[in-house]
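In the two complexes below, chain A is the common chain; its partner is chain B in one and chain C in the other.
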Partner chain A sequence: MTASLPELDLEAREALAELLLSVADDEFVIGFWDSEWTGIAPMLEEDVATSSIAQDEIGHAKALYELLAELTDDDPDRIAYGRDAPAFRHAALINHARGDWAFSVARRYLYETADRTRLAALAESSHEPLALLAGKMRREETYHLLHADAWRRRLAEAPGGTRSRFADALRRLWPDAQEVFAPLPREEILVREGMLPQSMDELHGAWQAEVRPVLEPLTGPLPEATPSAGGRERRTADFAWLHGEFTKVAGAEVGALW
Partner chain B sequence: MSERVWEVFRQEDEGDPMVHAGNVNAADEELAMHYAREFYGRRGESHRLWIVARDAITELDDPDLLKPPFDRSHKKPGGYIIKHKLEAAKARAVAEASE
Partner chain C sequence: MVSRSVAPAEEVVWAELATIPDPEIPAISVVDLGVIGSVKVDDEAIRVELLPTFVGCPAIGVMQQQIGERLASLQMGRVEVEVTFDPPWTSDRITPAGRERLRLSGFAPPRLAPTPASAGLDELSVLTLAECPYCGSTNTTMENAFGPTLCRAIYHCADCRQPFEQFKRV
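Coming up: the complex of A and B.
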């Protein structure tokens, strides 16, 4: 069954808007964090690759903000650049500054695996525009995950300090990584209507079953960790700084046309 | 990680020749593939890439083998004028098709 826009009641629309905003903000903010590597990545080729992937993520965010704007009769640019920092709904995983290369790779690996699990579900969404967009995003995210995984294996197998630094980053980010699957407001409506075919709790279980066996040989046993209700509402000083950076130009002359 | 140079060839569309695009530095084949994709394919401009380690390429640049000092003009096909034969063949094909 396809739930097209006019058939959605107000409550369902609001629930869908929260879902779209959560995915869009994840992609938007991680894209900006990773763009902080432009010019200073470990080597020129990696600089181009990381910057290009960061740009892809912002491209995905743009498409999602456009869907959201259509749903809420808003302007995608306003949603992206016109909100205050506390209004963002990205997962706590994406609150941290980029850190060193090991930290950025650890975050990207955790995020890309979680994003793949989530996109696989969204590609089956009863909300057709979202299912189509998720299908398109999956094709590009396949490459992103390959790239993140190539770096994960290299850092995990690297001698001495590199390996332990990478393991430390994974352990530090592990609790916040769960929050990609933080329960959404009115999630029960999304699941009931098939807009989110599996609950965040189910998706979280599938993701953990996949990444634990990959990470634990390196990190040792990772603690029991579950998503929390406020996992998409905590904001940090790191993020406040980044928000100031990415809204600076748009804020310089509000309403300017480019 | 020690870096190697990888030469990249690209094909614009199926059936087109593979053309040398440039090269990338990468520690291994897997990263070379990612970097080649970013440098020569991220704008959708390539149908296919070939990525070859430069040290796997056999190079021949010996002038004694490639530019021998004697006149080679008899090895070039320039002496055969086929323009008129081609025109006649085309005319024949058109005539046959309209029969």
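Coming up: the complex of A and C.
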């Protein structure tokens, strides 16, 4: 069962566009936050690793923006660099500035685990170009998750201040992390057409069941938290700053050919 | 790579492609790297499908351009080089000759454990030890799963004390 582009009606196309945009913006913006560590990570090897992960994420975003541009007859660079900050649709988790290393590791762990759950579903999408890309991304993301998980263990087992700083970051990010699974506009169409084989609600349940037992020994009981309808629409001053940074060059000479 | 039954015109194109080096690891050709998905030749055009090793590989544009220029020099018609993820490239696509060339240039080839691309990647299997390309020892440790390019990891050999890179399994 393959939903190829010509067979999709307008509503289904719009629903698919929202799905592609949500994943692409998550990868794009977290990639830019990660790139903030280039040159100042706590260890040389981490400088290399974080930069490489950032490059992967922005590469994934590029491929997703290309799928989206094909669908909406747009230009991938315009989607990436030509939108105002409020038009971005990344999850609230990715609004925050990078913070300290513990905060960045906490976010990366929460995001990578959620992203793995989402990509496993998207790899089964009835929209074949998305399924193929998600399958490919999933193999690369294996390395990101291993990296985040190694740092989770390291910080969780560290003495005193490090451990509590990491636990604080996890508790602080926990509510916003749910928003990776915020319901999408017209999600019922995506699920009905098999473009999103499981609902965000189902994916959210699977993710929580996986991460709670891992995190709670460190953080204590995490509050009941559910994704909210506006979980991909809230923008912050942190993000407004980052948006100003990553659009600065493209915005300096709009329409220039590089 | 699987053996192909090809028309003579396509043989010519494959032979030309086999002389084009990977821009990041020039010891290996784009054919041995397994990034050529398909070659089709008709009266109008040569059509090549190019499979990126990594989604965000910055060398893909360079490869596309080099392949386009070299095939245009064959004067067999228009050249179209399309980047596609169908099928997704996996490190199992590197040919046996390509693996040997990697080793001779100081890169450990990726662990060979063919699985369908759709199956994902077992997390622990990507951490298995690499064989030192200099002395053949498996007494090696991964220093960093991320290296100087997206597709390379950094290892150290405890026997010959040589750092080396591994082409990542993906």
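Structure notes:
As a convention for this text, the second predicted complex is superposed on the first by the 258 of 258 C-alpha atoms of A that agree within 3 Å, B and C clash if a C-alpha of one lies under 4 Å from a C-alpha of the other, contacts with A are read in each partner's own complex, and residues count from 1 in each chain.
Here is the rule we go by: a residue touches a chain if its C-beta (ideal position, glycine included) is under 8 Å from a C-beta of that chain, and two chains touch if they have at least 3 such contacts.
Every value quoted in this text rests on a predicted model; they were computed, and no experiment measured them.
In the three-chain model built by superposing on chain A, chain B clashes with chain C. Once the two complexes are overlaid on the shared chain, A:Leu145 sits against chain C while remaining clear of chain B.
Touch criterion not met for A:Gly205: it reaches neither chain B nor chain C.
Once chain A of one complex is fitted onto chain A of the other, the partner contacts of A:His60 are limited to chain C, with no touch recorded for chain B. Contacts of A:Gly82 after superposition on the shared chain: neither chain B nor chain C is touched. Using the contact criterion defined above for the overlaid structures, shared-chain residue A:Gly135 touches chain C, although it does not reach chain B. Chain A is touched at more residues by one of its partners, and among chain B and chain C that partner is C. In the superposed model, A:Pro175 makes contact with neither chain B nor chain C.
In the superposition on chain A, A:Arg154 contacts chain B only, with no contact to chain C. Listed for chain C are the stretches 45-53, 81-89 or 135-143, of which 135-143 clashes with chain B, judged after superposition on chain A. Residues common to the contacts of chain A with chain B and with chain C across the two structures: 45, 48-49, 52, 143, 146-147. Interface of chain A with chain B (complex): residues 43-46, 48-49, 52, 143, 146-147, 150, 154.
Per the touch definition, chain B reaches chain A in the complex via residues 1, 3, 24-27, 30-31, 34-35, 37-39, 42. Residues 54-58, 85-90, 117-118, 120-121, 123, 126-127, 143-148, 150, 154, 168, 170 of chain C are the ones that touch chain A when the two sit in their complex. For chain A in complex with chain C, the touching residues are 45, 48-49, 51-53, 55-60, 62-63, 120, 123, 128-129, 132-133, 135-140, 142-143, 145-147.
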